[in-house]
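In this document, chain identifiers A, B, C and D correspond to the written order of the chains, with residue numbering beginning at 1 in each.
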Amino acid sequence: MEPSFDIVKAGHIEFLVTDLNEARKFYVDTLGFVVTEADKSHIYLRGLEDRHHHCLTLTQSDSPGVGHFAFRVATEGGLKAIEKLAKSMGFYTRWVEAGQERGQGRALLMEDKFGFPVEFYSKMAGVEWMLQKFQNYRGGKVMRLDHFNVMLPDAASAFEWYVDSLGFKCTELTETEGRKPDLWAAWLRRKQTCHDIALTTGKGPRVHHAGFTVADRGSIMDVADLLASAGYLESMERGPGRHGVSNAFFLYLRDPVGNRIELYTGDYISADPDWVPIHWKLNDPQRQTFWGALTPASWFNDAMEVRSPKTGKFARLSAPKIKDRPDYLLSAK
Amino acid sequence: MEPSFDIVKAGHIEFLVTDLNEARKFYVDTLGFVVTEADKSHIYLRGLEDRHHHCLTLTQSDSPGVGHFAFRVATEGGLKAIEKLAKSMGFYTRWVEAGQERGQGRALLMEDKFGFPVEFYSKMAGVEWMLQKFQNYRGGKVMRLDHFNVMLPDAASAFEWYVDSLGFKCTELTETEGRKPDLWAAWLRRKQTCHDIALTTGKGPRVHHAGFTVADRGSIMDVADLLASAGYLESMERGPGRHGVSNAFFLYLRDPVGNRIELYTGDYISADPDWVPIHWKLNDPQRQTFWGALTPASWFNDAMEVRSPKTGKFARLSAPKIKDRPDYLLSAK
Amino acid sequence: MEPSFDIVKAGHIEFLVTDLNEARKFYVDTLGFVVTEADKSHIYLRGLEDRHHHCLTLTQSDSPGVGHFAFRVATEGGLKAIEKLAKSMGFYTRWVEAGQERGQGRALLMEDKFGFPVEFYSKMAGVEWMLQKFQNYRGGKVMRLDHFNVMLPDAASAFEWYVDSLGFKCTELTETEGRKPDLWAAWLRRKQTCHDIALTTGKGPRVHHAGFTVADRGSIMDVADLLASAGYLESMERGPGRHGVSNAFFLYLRDPVGNRIELYTGDYISADPDWVPIHWKLNDPQRQTFWGALTPASWFNDAMEVRSPKTGKFARLSAPKIKDRPDYLLSAK
Amino acid sequence: MEPSFDIVKAGHIEFLVTDLNEARKFYVDTLGFVVTEADKSHIYLRGLEDRHHHCLTLTQSDSPGVGHFAFRVATEGGLKAIEKLAKSMGFYTRWVEAGQERGQGRALLMEDKFGFPVEFYSKMAGVEWMLQKFQNYRGGKVMRLDHFNVMLPDAASAFEWYVDSLGFKCTELTETEGRKPDLWAAWLRRKQTCHDIALTTGKGPRVHHAGFTVADRGSIMDVADLLASAGYLESMERGPGRHGVSNAFFLYLRDPVGNRIELYTGDYISADPDWVPIHWKLNDPQRQTFWGALTPASWFNDAMEVRSPKTGKFARLSAPKIKDRPDYLLSAK
């Protein structure tokens, strides 16, 4: 049955950057994120479709990585219920007071059992809707945050936490080859799209990427042209292409310090309560890129380290429990 | 608070057609709806994204119009709760037994206080997902049913029923001009898009159109080319264009007997629980077509009559309580 | 046989505007034309694909209209041959010295027998190619000038001049209805597209519009959104749509003083020497808009007056010899 | 000065296939080429924009490869002038009688000094224009043949032949790195697009691919989806992407026997007589794919062998005179 936490959606993510000006050039001047607010050490960004304060925070830091990622919860009661659950699990938690993160109400920050810095918040300040201010559209026509993709040693265990405890639903999943397949990756959702969070087997805890929805596949082609001519050739790591999983068009980008985002568009609406998860095999050549293109090795090897809410340092990494990895990687020669 | 009926989404609609072969040519051979099943007097159709039996039924009949439209409900318990409410309101209701409508479980059919034939169902047979069978894509790349748009004399009263009693949320609304504006139209949602049902002031009860989502705005251009060259020039009533309300691209079509559908793409995700409805004024020239194009008078005057579940005859029509209509209509001279 | 004038293509046009700043906001800041050069009374503009100085000149003037339009000729010898022909026909001609029009070599300006101010030039300064400077793309992604569309009392006579004397070829034409059809309009080309100039029956001499190629049909949708949100709602006179003639996507715009341009994309390559003109009937509802949309009366009635090279005043207008006009016009009511 | 041969454009190409049924499934049923005529051993195909009999002939054969490729010439006189030139050069030539190749008038077939089987023809039967028969559009929306890309040991020598003797013009070229660069590849045109033939350094004589124009970049995405779902995953060798050279969007396909075509769209109009060739360096990572994607080694190594008009056997291959090849190839690991 539907859990009572009322988690709404993937809400926002904090990227650590070592040069806020360079980051602004990339995210604002080139990709076209909208600046809601900024101070010496933060830029709060939103998409054209967003009606709330931010979905991406850039924070000046000594190293790249992820400060935290956050889910929106419908009610204050939901936050408290999540706190109770987290404490019962023995997780480190603390309250982030209203306004401490600009535009945001009181929020619960935790370090979950996998080592991820996850925040839950309910209130966020409303802002002007830019959706029909087409005269201000720039670059990639970024609409909104869509999802987080995280990499961790034990995807099956995280699946349990998100699905059984937090009430996420599974839309698609990937299993290892062989007669006794293991869960290798899963796409889970609270809002009615393909996913709010994807869990992938790998060295972790790390965040593989944050996915942002763009207007349409034409926008993805346009942003590829733009990046290629604006000096960001190295930023384009993979794509454009169509995913098998999710059916979306994609382009993966590395920002100037190596943080990774996905520009993403064209998945489906998953409103039906009896949704049967789509199953994929790990080595299906169309799973990751429906057109069969190989994937750069860096895309599998690299991910963003995460800062521990408890220690303030980057979380210690562990090797994956399952050794299997796709066989369709490529390398330059 | 969230009501307990667990209405999921606009589920399907039954169009009455006088020539099933002509209807098949239009919906299947030209627009590319997928046939799930057919018999002598019905064709059950679905979109490429659908994983359930049908979202549009064509029924052989003496006159065009709408047999019923239906909302999907998450649980059987929800159906019973809705029945109880409907009876308490004095509405005519009856149970449609499982299989009576192909592929569908037991369903509650009612004639609501506005005279609309509305069905609520919970179970529907699963079918093959065509989303990645691109080799079978045809015509308009119709993905799924998105919404119903109904016309009735008293939109404010229907707003109360859908929002206060059934638990729909309002995403956008239109008010009359002047200092004491009346509600003239409302866009209401259960699934997390712009709407599942729109209520418009006009002679009614009638169904103005059923909106079907297509892949992207290119698909709308392509289908216009296709219809224009396939002998369906008269079918294109309005568009292509972009709506102010919903921000979607649209093309309105009349089928060979005059039933109206909208091909629709590019609205937004409305997952946030604190969504503040967008307000529009009736005569804002960008409300209906963001680019300012005038609207054919037929688009305002014509709509589909609905068959009474009680009498089996078309519902009697009443004049709208509010006389105001937009001032941006056009006519040929 | 191929004439020896070696006319290459529609080269540039001069629009008279009463407020150069307002014109710059429209053409440069909004539509994204590239400024090559400007002085107090002129702005010289080019498209992203252009490798020469300008294709559109905005000239400060007391009234809107067209100063002149110009064809590029391959060689200096071609210019002299055209001068000889024009003199033999008794046309007013004069040489515009190199640099008098910025970036342009010596040019022949004439007032042709229909009253049009037509320039022929051979040399124009080369400029930076912006085609792959995607970071500078703005607004409508205007690529280059494609064609002129002129309106005059006697299209058949102009057809003779352009085809028989100047060596243009006819790609498509429109005839009046009835058993003895008259030529009502013609699309003529030198470069290998649908046309460099279109001749239309109407009060004239006037220039109906200048057509500029944009990147693709998506650009046309984008620019409609942009204009609608940037305060140029009134500028969108007709479209977007697909033409029957030329098969191109179009959007007709009026600039702040009423001069008309067409954004245009997707016609064909007409390289074959044995091209058989496509024939259209005047009242074919798909001729102008393949999707059958009606045309605003203003689109037929309004056109830009032209300045006489001889007198410096606007040319006197005469009524069309053929009274027929399309029956698919529309008006608001 | 302009030569007198009046070569118009790349006209058609003959692909040798070992299974005509399999070839039909690929080119007609999947990609959507239009069948003009067929017999036991040939299928004559055209694009949607073509107004002449064929641009691609599939010929039943024992091995894949290219039978011949052909340029259209404006006049019969041009054919004779080319024959005279070829004989003066000592090339093997013979006349192909009218009708011997279906739909084609008398044609001159030669084996040029590089070993290529090149045909020149002037007359070809007219056929129905499918451009506005949108109801018949299928698959890739192939519009017309655009160009041939050939690979040969000495590109500089072929450049001389095509430019100095036959009157082609150079739009773009690639040079080797270093202080004394050699010509490595050239894009040459007769019609007013980027090219009719490209010359590339490599083992030859071989035809690397034939390029066919499609409607727009959306068509290229659509055809990738289609091929991926219709069992032609292996056919997609490279792309989709944007070229640096030509600025076009592309997707390279191998047919079921390995012949290669390019789907291509979005280059420019090159009408200006003073066009200055665009220069590229061999190892510029944006030269081949503007977005920087690596190129599969097969794309450089494989090409189609050509049948000698003189012997009827495949031409003997020679190693390239210049050893340089791009350094941005990739391989799977």
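We take it that a contact is a pair of C-beta atoms (placed from the backbone, for glycine too) under 8 Å apart; a residue touches a chain by one contact, two chains touch by 3 or more.
On a predicted model such as this, the values are computed, not experimentally measured, just so you know.
Listed by label, the chains touching subunit C and subunit D alike are A, B. In terms of the distance between Cα centroids, subunit C is separated most widely from A.
The mean-CA centres of subunit A and subunit C are about 49 angstrom from one another, to the nearest whole unit.
The distance from the centre of subunit B to the centre of subunit C, with each centre set as the mean of the Cα atoms, comes to 44 Å. Residue positions 132, 217-218, 225, 228-229, 290 of subunit B are each in touch with at least two other chains. If you check the complex, the residues on subunit B that touch subunit A are 6, 8-9, 49, 51-52, 72, 74-75, 126, 129, 131-132, 143-144, 191-193, 215-218, 244, 247, 266, 268-269, 271-276, 278, 290.
On the side of subunit D, the complex with subunit A involves touching residues 217-218, 221, 224-225, 227-229, 233-234, 236, 240, 242, 249, 285-286, 290-294, 297, 328-333. Of all the residues in subunit D, the ones that touch subunit B in their complex are 30, 132-135, 137, 218, 222, 225-226, 228-230.
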